[in-house]
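In what follows, chain A forms one complex with chain B and a second complex with chain C.
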Partner chain A sequence: MKTLYILNNPQLFEQCTLAMGTQDALLLIEDAVVLSEQQSSDENHFVLEEDLIARGLNSGSSWNKKNYNEFVALTLEYNKSVSWL
Partner chain B sequence: MATFSLLVTANPHSSQGQFSAIQFAKTLLHQGHVIKRVFFYADGVLVASRLNCPPSDEYNLTKTWAKLAITHDFELTACVTVAMKRGIINATEADRNALTGENIDPAFEISGLGQLTEAMLESDRLVTFG
Partner chain C sequence: MSKSLAIIFNKAPYGNQSGRELLDIALMAAAFDMEISALFIGDGVYQLLTNQQPDILHMKNHSSTYKALELYGIETVLVSSEDLEQRRLSESRLMPVSSLSNHKQINKTIAESDFVFML
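For the complex of A and B:
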(Lines of atoms letter the chains of each structure in order from A and count residues from 1; the text may use other names and numbers.)
(Lines give C-alpha, C1' and ligand atoms only; values in the text may rest on other atoms or scores of the structure.)
Protein backbone atom coordinates (compact mmCIF):
# COMPACT_ATOMS: atom_id res chain seq x y z
CA MET A 1 0.00 0.00 0.00
CA LYS A 2 1.68 3.19 -1.21
CA THR A 3 0.44 6.45 0.30
CA LEU A 4 0.82 9.97 -1.05
CA TYR A 5 1.23 12.47 1.77
CA ILE A 6 0.08 15.99 0.91
CA LEU A 7 1.50 18.72 3.15
CA ASN A 8 0.37 22.37 3.14
CA ASN A 9 1.73 23.52 6.50
CA PRO A 10 5.53 24.00 6.63
CA GLN A 11 5.54 23.60 10.42
CA LEU A 12 4.35 20.01 10.23
CA PHE A 13 7.17 18.70 8.00
CA GLU A 14 8.92 16.62 10.67
CA GLN A 15 5.71 15.08 12.01
CA CYS A 16 4.57 14.21 8.52
CA THR A 17 7.84 12.68 7.32
CA LEU A 18 8.08 10.64 10.54
CA ALA A 19 4.76 9.02 9.68
CA MET A 20 5.84 8.10 6.16
CA GLY A 21 6.95 4.63 5.11
CA THR A 22 9.65 3.83 2.56
CA GLN A 23 7.18 3.32 -0.30
CA ASP A 24 5.33 6.55 0.40
CA ALA A 25 5.73 9.93 -1.27
CA LEU A 26 5.43 13.53 -0.11
CA LEU A 27 3.91 16.40 -2.11
CA LEU A 28 4.36 19.94 -0.83
CA ILE A 29 1.54 22.34 -1.71
CA GLU A 30 0.43 25.86 -0.73
CA ASP A 31 2.63 27.46 1.98
CA ALA A 32 4.59 24.24 2.51
CA VAL A 33 6.37 24.72 -0.85
CA VAL A 34 8.92 26.91 0.97
CA LEU A 35 10.29 23.68 2.46
CA SER A 36 11.74 22.81 -0.94
CA GLU A 37 14.25 25.61 -0.34
CA GLN A 38 15.07 24.47 3.20
CA GLN A 39 15.00 20.67 3.21
CA SER A 40 17.07 18.25 1.16
CA SER A 41 15.19 16.42 -1.56
CA ASP A 42 14.57 12.74 -1.94
CA GLU A 43 13.37 10.70 -4.92
CA ASN A 44 9.93 10.46 -3.26
CA HIS A 45 9.73 14.17 -2.51
CA PHE A 46 7.69 16.40 -4.81
CA VAL A 47 6.66 20.04 -4.81
CA LEU A 48 3.68 21.65 -6.57
CA GLU A 49 5.05 23.90 -9.30
CA GLU A 50 2.09 26.31 -9.52
CA ASP A 51 2.35 27.14 -5.81
CA LEU A 52 6.13 27.62 -6.10
CA ILE A 53 5.68 30.05 -8.99
CA ALA A 54 2.97 31.94 -7.07
CA ARG A 55 5.54 32.56 -4.33
CA GLY A 56 8.42 33.48 -6.62
CA LEU A 57 10.36 30.36 -5.61
CA ASN A 58 10.62 28.54 -8.91
CA SER A 59 14.38 28.60 -9.33
CA GLY A 60 17.15 26.64 -7.73
CA SER A 61 15.28 24.00 -5.80
CA SER A 62 16.49 20.45 -6.34
CA TRP A 63 13.06 19.04 -5.47
CA ASN A 64 11.14 17.23 -8.18
CA LYS A 65 8.47 19.65 -9.46
CA LYS A 66 4.95 18.45 -10.30
CA ASN A 67 2.22 20.51 -11.95
CA TYR A 68 -1.52 20.03 -11.32
CA ASN A 69 -1.80 17.45 -14.12
CA GLU A 70 0.93 15.43 -12.43
CA PHE A 71 -0.66 16.03 -8.99
CA VAL A 72 -3.82 14.26 -10.22
CA ALA A 73 -1.69 11.46 -11.70
CA LEU A 74 0.17 11.04 -8.38
CA THR A 75 -3.09 10.56 -6.48
CA LEU A 76 -3.92 7.71 -8.87
CA GLU A 77 -0.43 6.21 -8.88
CA TYR A 78 -0.52 5.89 -5.08
CA ASN A 79 -3.20 3.75 -3.41
CA LYS A 80 -4.47 6.57 -1.24
CA SER A 81 -3.63 10.09 -0.19
CA VAL A 82 -3.29 11.58 3.28
CA SER A 83 -3.50 15.35 3.65
CA TRP A 84 -1.42 16.10 6.73
CA LEU A 85 -3.32 18.98 8.36
CA MET B 1 -11.14 7.01 -16.11
CA ALA B 2 -11.28 7.23 -12.33
CA THR B 3 -13.95 8.50 -9.94
CA PHE B 4 -12.84 11.06 -7.37
CA SER B 5 -14.48 12.61 -4.34
CA LEU B 6 -13.03 15.60 -2.55
CA LEU B 7 -13.20 16.54 1.13
CA VAL B 8 -12.80 20.30 1.62
CA THR B 9 -12.27 21.66 5.13
CA ALA B 10 -10.42 24.88 4.20
CA ASN B 11 -11.92 28.23 5.21
CA PRO B 12 -12.84 30.03 1.96
CA HIS B 13 -12.01 33.45 3.43
CA SER B 14 -8.61 32.82 4.99
CA SER B 15 -6.78 29.96 3.31
CA GLN B 16 -5.80 28.64 -0.09
CA GLY B 17 -7.41 25.21 0.24
CA GLN B 18 -10.66 25.99 -1.61
CA PHE B 19 -8.67 27.37 -4.54
CA SER B 20 -6.43 24.29 -4.55
CA ALA B 21 -9.49 22.02 -4.48
CA ILE B 22 -11.08 23.86 -7.42
CA GLN B 23 -7.84 23.72 -9.41
CA PHE B 24 -7.51 19.99 -8.64
CA ALA B 25 -11.15 19.39 -9.63
CA LYS B 26 -10.81 21.30 -12.91
CA THR B 27 -7.61 19.42 -13.76
CA LEU B 28 -9.01 15.95 -13.11
CA LEU B 29 -12.19 16.74 -15.08
CA HIS B 30 -10.04 18.01 -17.95
CA GLN B 31 -8.17 14.69 -17.90
CA GLY B 32 -11.47 12.84 -18.41
CA HIS B 33 -11.97 11.64 -14.82
CA VAL B 34 -15.22 12.21 -12.95
CA ILE B 35 -16.22 13.58 -9.55
CA LYS B 36 -18.91 11.89 -7.51
CA ARG B 37 -19.20 14.38 -4.68
CA VAL B 38 -17.39 17.28 -3.03
CA PHE B 39 -18.02 17.13 0.71
CA PHE B 40 -17.56 20.30 2.75
CA TYR B 41 -16.68 19.98 6.42
CA ALA B 42 -15.46 22.28 9.23
CA ASP B 43 -14.91 25.87 7.98
CA GLY B 44 -15.15 24.56 4.41
CA VAL B 45 -18.96 24.74 4.66
CA LEU B 46 -18.79 28.56 4.71
CA VAL B 47 -18.45 28.46 0.92
CA ALA B 48 -22.03 27.11 0.64
CA SER B 49 -23.73 30.39 1.55
CA ARG B 50 -25.47 32.06 -1.38
CA LEU B 51 -25.02 35.35 0.53
CA ASN B 52 -21.22 35.32 0.08
CA CYS B 53 -20.52 38.60 -1.72
CA PRO B 54 -16.83 39.00 -2.51
CA PRO B 55 -15.83 42.27 -4.24
CA SER B 56 -16.30 42.10 -8.01
CA ASP B 57 -12.55 41.92 -8.65
CA GLU B 58 -12.17 38.88 -6.39
CA TYR B 59 -12.79 35.24 -7.20
CA ASN B 60 -16.28 34.00 -6.26
CA LEU B 61 -15.66 30.52 -4.85
CA THR B 62 -19.36 29.76 -4.27
CA LYS B 63 -20.30 30.50 -7.87
CA THR B 64 -17.25 28.67 -9.20
CA TRP B 65 -18.15 25.47 -7.32
CA ALA B 66 -21.80 25.82 -8.37
CA LYS B 67 -20.96 26.24 -12.04
CA LEU B 68 -18.47 23.37 -12.01
CA ALA B 69 -20.92 21.02 -10.27
CA ILE B 70 -23.79 21.85 -12.62
CA THR B 71 -21.62 21.56 -15.75
CA HIS B 72 -20.05 18.25 -14.71
CA ASP B 73 -22.98 16.78 -12.82
CA PHE B 74 -21.56 16.14 -9.37
CA GLU B 75 -22.84 16.86 -5.86
CA LEU B 76 -21.78 19.62 -3.47
CA THR B 77 -22.66 18.48 0.04
CA ALA B 78 -22.13 20.37 3.29
CA CYS B 79 -22.17 18.59 6.65
CA VAL B 80 -25.39 19.57 8.45
CA THR B 81 -24.00 19.84 11.99
CA VAL B 82 -21.05 22.11 11.22
CA ALA B 83 -23.09 24.08 8.64
CA MET B 84 -25.88 24.93 11.10
CA LYS B 85 -23.32 25.85 13.75
CA ARG B 86 -21.93 28.41 11.29
CA GLY B 87 -25.32 29.75 10.14
CA ILE B 88 -25.48 27.90 6.82
CA ILE B 89 -29.13 26.85 6.72
CA ASN B 90 -31.51 25.27 4.20
CA ALA B 91 -35.30 25.69 4.12
CA THR B 92 -36.01 22.48 6.07
CA GLU B 93 -33.65 23.37 8.90
CA ALA B 94 -34.87 27.00 8.94
CA ASP B 95 -38.41 25.71 9.38
CA ARG B 96 -37.46 23.20 12.05
CA ASN B 97 -35.53 25.80 14.05
CA ALA B 98 -37.98 28.68 13.58
CA LEU B 99 -35.44 30.80 11.68
CA THR B 100 -36.53 33.60 9.35
CA GLY B 101 -34.68 32.47 6.25
CA GLU B 102 -32.38 30.04 4.51
CA ASN B 103 -29.08 30.93 2.87
CA ILE B 104 -27.74 27.77 1.23
CA ASP B 105 -26.71 28.23 -2.41
CA PRO B 106 -29.12 26.20 -4.61
CA ALA B 107 -26.22 24.21 -6.09
CA PHE B 108 -25.30 22.89 -2.63
CA GLU B 109 -27.12 20.51 -0.35
CA ILE B 110 -26.93 19.94 3.38
CA SER B 111 -26.62 16.36 4.60
CA GLY B 112 -24.92 14.10 7.10
CA LEU B 113 -21.47 12.54 7.41
CA GLY B 114 -22.90 9.36 5.91
CA GLN B 115 -22.61 11.12 2.55
CA LEU B 116 -18.84 11.37 3.08
CA THR B 117 -18.60 7.67 3.89
CA GLU B 118 -20.66 6.81 0.83
CA ALA B 119 -18.47 9.04 -1.36
CA MET B 120 -15.36 7.27 -0.05
CA LEU B 121 -16.85 3.84 -0.75
CA GLU B 122 -18.07 4.72 -4.24
CA SER B 123 -15.00 6.62 -5.46
CA ASP B 124 -11.57 5.35 -6.49
CA ARG B 125 -9.87 8.20 -4.64
CA LEU B 126 -10.69 10.71 -1.91
CA VAL B 127 -8.44 13.77 -1.76
CA THR B 128 -8.63 16.23 1.16
CA PHE B 129 -8.00 19.97 0.98
CA GLY B 130 -7.79 21.70 4.34
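For the complex of A and C:
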Protein backbone atom coordinates (compact mmCIF):
# COMPACT_ATOMS: atom_id res chain seq x y z
CA MET A 1 0.00 0.00 0.00
CA LYS A 2 1.54 3.31 -1.05
CA THR A 3 0.97 6.08 1.49
CA LEU A 4 1.26 9.83 1.11
CA TYR A 5 2.50 11.41 4.34
CA ILE A 6 1.47 15.04 4.86
CA LEU A 7 3.52 16.98 7.40
CA ASN A 8 2.77 20.45 8.74
CA ASN A 9 4.93 20.40 11.87
CA PRO A 10 8.70 20.75 11.28
CA GLN A 11 9.51 19.23 14.69
CA LEU A 12 8.06 15.88 13.61
CA PHE A 13 10.12 15.50 10.42
CA GLU A 14 12.36 12.77 11.79
CA GLN A 15 9.52 10.81 13.43
CA CYS A 16 7.45 11.02 10.25
CA THR A 17 10.24 9.99 7.86
CA LEU A 18 11.09 7.14 10.24
CA ALA A 19 7.58 5.76 9.77
CA MET A 20 7.68 6.01 5.98
CA GLY A 21 8.30 3.05 3.70
CA THR A 22 10.41 3.22 0.57
CA GLN A 23 7.34 3.42 -1.70
CA ASP A 24 5.72 6.19 0.33
CA ALA A 25 5.88 9.91 -0.38
CA LEU A 26 6.15 12.98 1.83
CA LEU A 27 4.48 16.33 1.20
CA LEU A 28 5.52 19.34 3.31
CA ILE A 29 2.76 21.90 3.93
CA GLU A 30 2.19 25.00 6.09
CA ASP A 31 5.09 25.62 8.51
CA ALA A 32 6.89 22.40 7.57
CA VAL A 33 7.79 23.88 4.15
CA VAL A 34 10.79 25.53 5.85
CA LEU A 35 12.32 22.05 5.97
CA SER A 36 12.71 22.15 2.19
CA GLU A 37 15.48 24.64 2.79
CA GLN A 38 17.22 22.51 5.40
CA GLN A 39 16.77 18.90 4.33
CA SER A 40 18.00 17.26 1.15
CA SER A 41 15.18 15.80 -0.92
CA ASP A 42 14.70 12.71 -3.02
CA GLU A 43 12.21 11.96 -5.76
CA ASN A 44 9.26 11.14 -3.50
CA HIS A 45 9.65 14.30 -1.42
CA PHE A 46 7.37 17.23 -2.30
CA VAL A 47 6.64 20.71 -0.94
CA LEU A 48 3.50 22.80 -1.37
CA GLU A 49 4.30 25.79 -3.59
CA GLU A 50 1.70 28.21 -2.22
CA ASP A 51 3.07 27.81 1.31
CA LEU A 52 6.60 28.44 0.03
CA ILE A 53 5.58 31.58 -1.88
CA ALA A 54 3.66 32.89 1.13
CA ARG A 55 6.84 32.57 3.19
CA GLY A 56 9.19 34.04 0.56
CA LEU A 57 10.97 30.72 0.24
CA ASN A 58 10.13 29.94 -3.33
CA SER A 59 13.54 30.33 -4.96
CA GLY A 60 15.91 28.33 -2.77
CA SER A 61 14.19 24.98 -2.45
CA SER A 62 15.47 21.96 -4.41
CA TRP A 63 12.40 19.91 -3.47
CA ASN A 64 9.80 19.03 -6.12
CA LYS A 65 7.12 21.74 -5.87
CA LYS A 66 3.41 20.99 -6.06
CA ASN A 67 0.63 23.59 -6.17
CA TYR A 68 -2.81 22.98 -4.67
CA ASN A 69 -4.23 21.27 -7.78
CA GLU A 70 -1.19 19.06 -8.11
CA PHE A 71 -1.52 18.27 -4.39
CA VAL A 72 -5.01 16.92 -5.03
CA ALA A 73 -3.72 14.88 -8.00
CA LEU A 74 -0.90 13.57 -5.81
CA THR A 75 -3.33 12.21 -3.21
CA LEU A 76 -4.99 10.15 -5.96
CA GLU A 77 -1.71 8.40 -6.74
CA TYR A 78 -1.57 6.82 -3.28
CA ASN A 79 -3.74 4.27 -1.49
CA LYS A 80 -4.12 6.48 1.56
CA SER A 81 -2.76 9.66 3.05
CA VAL A 82 -1.70 10.28 6.62
CA SER A 83 -1.65 13.72 8.22
CA TRP A 84 1.24 13.36 10.64
CA LEU A 85 0.27 15.47 13.66
CA MET B 1 -14.58 -7.22 4.95
CA SER B 2 -14.07 -4.81 7.85
CA LYS B 3 -11.68 -1.94 7.39
CA SER B 4 -8.53 -1.56 9.48
CA LEU B 5 -7.63 1.63 11.33
CA ALA B 6 -4.25 2.40 12.91
CA ILE B 7 -4.34 4.98 15.67
CA ILE B 8 -0.95 6.48 16.50
CA PHE B 9 -0.21 7.94 19.93
CA ASN B 10 2.89 10.14 19.69
CA LYS B 11 2.32 12.74 22.42
CA ALA B 12 2.82 12.62 26.19
CA PRO B 13 -0.37 12.83 28.29
CA TYR B 14 -2.02 15.85 29.91
CA GLY B 15 -0.19 18.61 28.02
CA ASN B 16 -2.96 18.17 25.47
CA GLN B 17 -6.02 15.96 25.10
CA SER B 18 -4.82 13.95 22.11
CA GLY B 19 -4.18 10.76 24.13
CA ARG B 20 -7.60 10.78 25.73
CA GLU B 21 -9.39 11.65 22.50
CA LEU B 22 -7.53 8.99 20.49
CA LEU B 23 -8.48 6.43 23.12
CA ASP B 24 -12.16 7.39 22.86
CA ILE B 25 -11.94 7.12 19.05
CA ALA B 26 -10.28 3.69 19.28
CA LEU B 27 -13.02 2.36 21.55
CA MET B 28 -15.78 3.81 19.39
CA ALA B 29 -14.28 2.45 16.17
CA ALA B 30 -13.90 -0.97 17.81
CA ALA B 31 -17.60 -0.88 18.64
CA PHE B 32 -18.23 -0.51 14.88
CA ASP B 33 -16.18 -3.69 14.43
CA MET B 34 -13.33 -2.04 12.63
CA GLU B 35 -9.98 -3.73 13.03
CA ILE B 36 -8.07 -1.35 15.27
CA SER B 37 -4.38 -1.16 16.08
CA ALA B 38 -3.13 1.23 18.74
CA LEU B 39 0.49 2.22 18.19
CA PHE B 40 2.61 4.03 20.77
CA ILE B 41 5.71 5.82 19.43
CA GLY B 42 7.87 8.78 20.42
CA ASP B 43 6.57 10.53 23.52
CA GLY B 44 3.35 8.57 23.10
CA VAL B 45 5.02 5.79 25.12
CA TYR B 46 4.49 7.97 28.21
CA GLN B 47 0.73 7.45 27.79
CA LEU B 48 1.21 3.93 29.17
CA LEU B 49 3.13 4.74 32.35
CA THR B 50 1.64 3.36 35.54
CA ASN B 51 0.68 5.52 38.59
CA GLN B 52 -0.29 8.64 36.65
CA GLN B 53 -1.95 11.07 39.08
CA PRO B 54 -3.34 13.96 37.02
CA ASP B 55 -5.91 14.83 39.73
CA ILE B 56 -3.14 17.05 41.10
CA LEU B 57 -3.78 19.12 37.96
CA HIS B 58 -7.56 18.70 38.38
CA MET B 59 -7.52 16.56 35.23
CA LYS B 60 -9.27 13.25 34.58
CA ASN B 61 -7.02 10.17 34.62
CA HIS B 62 -7.66 8.55 31.23
CA SER B 63 -4.78 6.10 31.60
CA SER B 64 -6.92 3.52 33.41
CA THR B 65 -9.08 3.38 30.29
CA TYR B 66 -6.21 1.81 28.32
CA LYS B 67 -7.19 -1.44 30.04
CA ALA B 68 -10.47 -1.26 28.07
CA LEU B 69 -8.61 -1.71 24.77
CA GLU B 70 -8.46 -5.47 25.24
CA LEU B 71 -12.04 -5.58 26.53
CA TYR B 72 -13.17 -3.93 23.26
CA GLY B 73 -11.33 -6.54 21.22
CA ILE B 74 -8.38 -4.35 20.27
CA GLU B 75 -5.57 -6.90 20.33
CA THR B 76 -2.91 -5.05 18.36
CA VAL B 77 -1.50 -2.64 20.94
CA LEU B 78 2.18 -2.05 20.16
CA VAL B 79 4.76 0.10 21.95
CA SER B 80 8.08 0.95 20.33
CA SER B 81 11.01 -0.56 22.23
CA GLU B 82 13.45 1.83 20.52
CA ASP B 83 11.48 4.85 21.76
CA LEU B 84 11.26 3.39 25.28
CA GLU B 85 15.03 2.85 25.33
CA GLN B 86 15.66 6.35 24.03
CA ARG B 87 13.69 7.64 27.02
CA ARG B 88 15.31 5.16 29.48
CA LEU B 89 11.94 3.62 30.22
CA SER B 90 11.73 -0.09 31.02
CA GLU B 91 8.63 -2.04 30.04
CA SER B 92 8.04 -2.81 33.73
CA ARG B 93 6.99 0.82 34.25
CA LEU B 94 4.17 0.48 31.74
CA MET B 95 0.65 -0.74 32.31
CA PRO B 96 0.32 -4.35 31.12
CA VAL B 97 -1.79 -3.38 28.10
CA SER B 98 0.67 -3.33 25.23
CA SER B 99 3.17 -5.68 23.66
CA LEU B 100 6.74 -4.61 23.08
CA SER B 101 7.37 -4.01 19.39
CA ASN B 102 9.81 -2.18 17.17
CA HIS B 103 9.71 0.45 14.44
CA LYS B 104 9.83 -2.13 11.67
CA GLN B 105 6.73 -3.94 12.92
CA ILE B 106 4.92 -0.71 13.77
CA ASN B 107 5.66 0.73 10.34
CA LYS B 108 4.37 -2.46 8.75
CA THR B 109 1.10 -2.07 10.68
CA ILE B 110 0.79 1.54 9.53
CA ALA B 111 1.46 0.58 5.91
CA GLU B 112 -1.10 -2.22 5.95
CA SER B 113 -3.91 -0.29 7.63
CA ASP B 114 -6.68 1.14 5.45
CA PHE B 115 -6.75 4.32 7.51
CA VAL B 116 -4.28 5.97 9.87
CA PHE B 117 -5.35 8.57 12.41
CA MET B 118 -3.40 10.93 14.66
CA LEU B 119 -4.24 13.99 16.77
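The working rule: the second predicted complex is superposed on the first by the 85 of 85 C-alpha atoms of A that agree within 3 Å, B and C clash if a C-alpha of one lies under 4 Å from a C-alpha of the other, contacts with A are read in each partner's own complex, and residues count from 1 in each chain.
Please note the rule applied: a contact is a pair of C-beta atoms (placed from the backbone, for glycine too) under 8 Å apart; a residue touches a chain by one contact, two chains touch by 3 or more.
Note that the structure is a prediction, hence the values are computed from the model and not measured.
In the superposition on chain A, A:21 makes contact with chain C only, not with chain B.
The contact surfaces that chain B and chain C form on chain A in the two complexes overlap at residues 80, 82-83, 85.
Chain A contributes residues 6, 8, 29-31, 50-51, 68-69, 71-72, 75-76, 80-83, 85 to its touches with chain B in the complex.
Only residues 1, 3, 12, 15, 18-21, 24, 80, 82-85 of chain A touch chain C when the two sit together in their complex. Interface residues of chain B facing chain A in the complex, by the touch rule stated above, are 2, 4, 9, 15-17, 20, 23-24, 27-28, 31, 33, 124-130. Within the complex, the chain C residues that touch chain A are 10, 18, 41-42, 103, 106-107, 110-116, 118-119.
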